[in-house]
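Only one structure is covered here, and it is reproduced in the block below.
A, B, C and D label the chains in the order they appear, each numbered from 1.
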Amino acid sequence: MVDQQLKIELGKQGVLVTTIEELYNWGRRSSIWPMQFGLACCAIEMIATTMARYDLARFGAEVFRPSPRQADLMIISGTVTKKMAPQVVRLYNQMAEPRYVIAMGACAISGGPFKQGYNVLKGIDRYIPVDVHIPGCPPRPEALIQAFMTLQKKIDAQPLTGEGRPRHLDAAAQGEFPVPEQGEHDLEPTSNKGVWPVPVVIR
Amino acid sequence: MTTPAATSAFLREKMEEGWNRPPIMEPDGEAELLEVAMGPHHPSTHGVFRMDLALDGERVIRLKPVFGYLHRNHEKIAEGVSYLASMPYTDRLDYICSLTNNWAYALAVEKLTGQEVPERAEYIRVILGELTRIQNHASSIGFLLQEMGASGTPLMYAFKEREKILDLFESLTGSRMMCNYMRFGGCRVDVSAAWLDAARKVVAGLPGFIDEFENLLSGNEILMARCQGVGILRPELAVNAGVTGPMLRGSGVNYDIRKIDHYGIYDRFRFRVPLGDHGDVYDRYMVRILEMRESIAILNQALKEIPGGSIMDPKAKIRGFRPKPGEAYGRIEAPKGELGFYLISDGGPNPYRYRVRPPSLINLTVLEDMCLGSNVADVVLIFGSVDIVLGEVDR
Amino acid sequence: MKSIEEIKSAIEAAIPGAGVELIPNPSPSGQHSLRLAPADAVEVARFLRDDAELAFDFLSNVTGVDWPGKEITEKVKVTRTVTRIVDGVEQQVEETVEEPRKRVEPGCLEVVYHLFSMAKKHGPIVLRMRTVNRTDQVELPSVTPIWRSAEFQEREIFDLYGVVFTGHPDLRRLLMWKGFKDHPMRRDYVDPDDFEYEPTAHDSVLARAAAHKAAIGGVAQKGTGAGE
Amino acid sequence: MLDKPIIDKMDQIFVLLQHWLVSFLPVSLQPLAAVLLSVIVIVCLFPALFALTTVFERKGLGRIQNRLGPNRVGPFGFFQPIADGIKSLTKEDIVPASANAPVHFLAPIVLVVAVFMGFAVLPMGRNMVLVDMDAGLLFYFAMGASTEVSVFMAGWSSRNKYSLLGAMRAVAQMISYEVVLLLSSVAVVMISGTLSLPKIVEAQNQYTWDLPHWYIFTPWGLAGFVMYAIAATAETNRSPFDLPEGESELVAGYHTEYSGFKFALFFLGEYLAMFSISGLGATLFLGGWTAPFSFLTFIPSWIWFFSKLMLSIFVFIWMRGTLPRLRQDQLMNFAWKFVLPFTLLNLMVTALWRFMGEGWERWVVCSAILAVVWVFMGRIEMRSEHFGPRSYRYAE
């Protein structure tokens, strides 16, 4: 590890010092290919983000891959229903590591305005780990770009070893997430306890 | 042209034979069928829709649509909240054109209560409704071309224009997509003179955009070869299956609710209803293009004639809004077809029954009929030409 | 277009013995409806579609409505014989008293159809049909063979309300998944208790929050308001 | 003007460099070392070109679509492919449980190796050809044919329905257009009388009034080039013939199940195939490394070769940004009913050209035949399918 101070000094002298860690993080942060996966209203704003006015392509992220195998980022753009939730988890399982998830919009975070619905999943983080949440109904394209940059910052800050390393470098971490079953009245189980402990309400 | 009335003898005869079921396809020879589940995650299903296909080679032998992946319980929620509180939910039905959804719901409630709408509010509704229609048709054509494999260019062109219209919506209602603008007996906020000027400017730019769009697309041989003669929908079946909107008019049936019901103030505007003669994908595409041009004509008239005055029925009640017991069905010509709301009031603050008549869902009834015997590539194209939004299909 | 009374008499003239009942609609919309007896509903529907003057070729909307059984408490005058001491002697006396009595008005499932005519450009006419009850006798005839547009809408009503349409070519659940057991649009449906209630001032929500807390059990929810 | 020796030096700079480097080695090792050196250069150069092209493609498509394209990663976004490469290399490699693992693994490698082999016979400048084979063209097409095998391997071994459909489409399409590709090149062979690519270039390296004798400037050459370009687009699965991976229909077609570096190899293979087929097109019809005007011959030959190559890449990108995709049956109809008969006719016209001798008559006759048949066949094709603009009626 190069001392941060020394690195800045060397940078002034025109010597570029980098580490494997930085290069690795730079690589995966600069080339995040989202999955072409829209769920509901937010999907239209996600498409608008890639269009000429907002142009997500500037970040190198216009390569929307329809196949989950080739995608790095899953943007949960909209309401996840109980009928769809098993498919979302399955798609997430099909993605190759390193993979990231952005929960876009109120519905993906908590069920949003449709929270009272009998067929609406109250937040996708009940089943899969989410990296960035964006509030809004739907969030504006700028918000999605902000989320994208937040994700990049998050990747940048990840060390490759020790505590706080990315999940795919942690041999003990969960790789495949159990797909919920569609039961007679509800999904079974109603949440993945390993990912989402039942929250404690504090007032 | 074959109007349904003219062919009603034909209709009756065929009906006895049970023709309104999709024809039964037989695979060639002993071929083993390949069962493909297209969706719910598939790049061309506009969201979470699934088609269970049985293929013989690439020929479609069977197609069963599967719905419900975006069933968000809109109707159940609306029955538990007040009349006004369902208004924001209607935005999220067909999330590309929220304003026409607002309009249909407001119209149904106005029918239920007998409220009057001031003239200025009616003009604002027409302006917003037609702007919505233009941006919906433009983006639906963009998505259709995306399905056809054009790597984004037509969609980008469509969205460029859509953003201008969304800016108008945003400056008026405060939201790009989920406008929540109409109220029972009027509208929420008044338009300013500056907004009207901005709208005039945008509308003045629209014909140029459509010309550009048509230059890029309509005469393209590949587009013609892909679209013409594909996904033919006969007018008899279209009427019987309750298909509405540009899809029905693409099949040559003259049925535009703006002309039939004269709801709002549509009888004041001069506009024509384009009709296709072949009922294929190309006709649906062209009907949408031509409808955009007619919408511009309506917009020009409305923006010129808009009167002053109030935008809200003075007798309209916001708090303690309890319609008398009864029921009403209100419908409008939404960009995708007939969007109706059916409300039953029991005198309480909430509707006793709240039902959305979704054009997208009912237009999909004929999907199997149109797709059988064609190619996988045609299936996505036909599906795209139906122009659905899953929020409305599954509600 | 003919008025609703004329349509009713036209139906009765064409199909003798058809059970058609006019249901007035008091709201300003003035969309009155005809209630059909399920037994000959298909006949009537075919007549409405094929009659040259009516030509209702377009079935726009099919809706299910749930009317749950109501418990009605009413006072009934009852005459009964009581033993009472009159003038020091025990006698049998007849006496009339008002007594509250509970009566359960049986519920039913209703299906509403909105018809228009594309050929004649008129409408709407509203038809309705009722099932016998909400539990076991929930069959209604399907109009899908007459108007194809009923296909998905009837499937939806089967899914969400549990009306069984006889004669429907492909009656499966439309929106909910295959193994689902309930009919969620019915008014007595209780949805699964699967979300954490946010702090609120509404007592009913707090009551549900307390019930939810008890149901999930074991997980401490500090200060859920209901308890404190 | 620069003086002649310097021009020659610039022209031959890579050849001289190679000779100089090799001269340090014992004579017995020199031929082997020379070949190895060239192989290394090719193996490094074209992937670098691939990286550059992806940026150009993304930026170019952006310009077509009124937007900017990548510009955040490195200066003007030019480090984007490096980031993509690092990411692809480090991404998890998934082999589906039901896939045929060895074939699944081999498919991308077979593709890239086969495509690289094609570069061996391409003359990239004067004296700049790795192997000056007498039957170079034949070798090239033999290698090109094996890309089909790899695509089918990928689609079949993935055990995915979309992959299988994509593979079936790919094989049908590539085999159909392979025939056209070959036959349109045969015309060149008939005129130049050789299968060796450097000799074909030499044959075009003459000038009349400053204008070169490129084959594209003859009636049969133009027709052949158009047919070649169509077939080349189909052969490399580029829009509007990108059916095997037709995103909107088949998710990602034959490489749906590939992730990480194997997917990157497919991506690389596609672009390399594009380079090599553009290079061959330039060699056969556009005079290879020769200059378009005699007074421009002072610019090194390899610059001309690569500019022609990049120009055709630009056309590929342009088409991708403009055209929608054809359908499978239309694609096959187009191949067998229009392109192939026209190419066969072109062969006869070429023969006629050859035997009519020098003079203006052959220009008139050959052009007339080709133009008439082109118009006639095109008309019949359109009319038989009833395609065409329509008029619409309105109801008040």
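A few comments on the model shown:
Rule of thumb we're sticking to: contacts are C-beta pairs under 8 Å (C-beta built on N, C-alpha and C of every residue); 3 or more make two chains touch, one makes a residue touch a chain.
All figures in this text were calculated on a predicted structure; none of them were measured in a lab.
When the interfaces A-C and A-B are ranked by how many C-beta pairs touch across them, A-B comes first.
Averaged Cα coordinates give chain B a centre that lies 44 Å from the centre of chain D. Rounded to whole angstrom units, the spacing between the C-alpha centres of chain A and chain B is 33. Put simply, the C-alpha centre of chain A and that of chain D have 38 angstrom between them.
Counting only residues that touch two or more partner chains, chain D has 65-67, 247, 251. In chain B, 42-43, 68, 71, 73, 76, 156, 160, 394 are the positions where the chain touches two or more neighbouring chains simultaneously.
Residues of chain A in contact with two or more other chains: 36, 51-52, 66, 83, 116-119. Applying the touch definition to every pair of chains gives A-B, A-C, A-D, B-C, B-D. Contact residues of chain B toward chain A in the complex are 40-43, 46-48, 68-74, 76-77, 80, 88-89, 92, 95-96, 155-156, 159-160, 162-163, 176-178, 390-391, 394. Partner chain C is touched in their complex by these residues of chain B: 3-5, 8, 11-12, 15, 18, 20-21, 67-68, 71, 73, 75-76, 111-114, 237, 239-243, 253, 255, 260, 323-331, 338, 340, 342, 344-345, 352-353, 355, 357, 361-362, 364-366, 394. Chain contact summary for the complex, chain A toward chain C: residues 82-83, 111, 115-119, 122, 182-186, 190, 198-203.
Listed in rising order, the residues of chain B touching chain D in the complex are 34-36, 42-44, 55, 58, 145-153, 156-157, 160, 216, 218-226, 228-229, 254, 256, 259, 272-278, 282-283, 286-287, 290, 375-380.
The residues of chain A lying in touch with chain D in their complex are 23-24, 26-31, 36, 51-52, 55, 57-60, 62, 65-67, 69-70, 72, 94, 96-98, 168.
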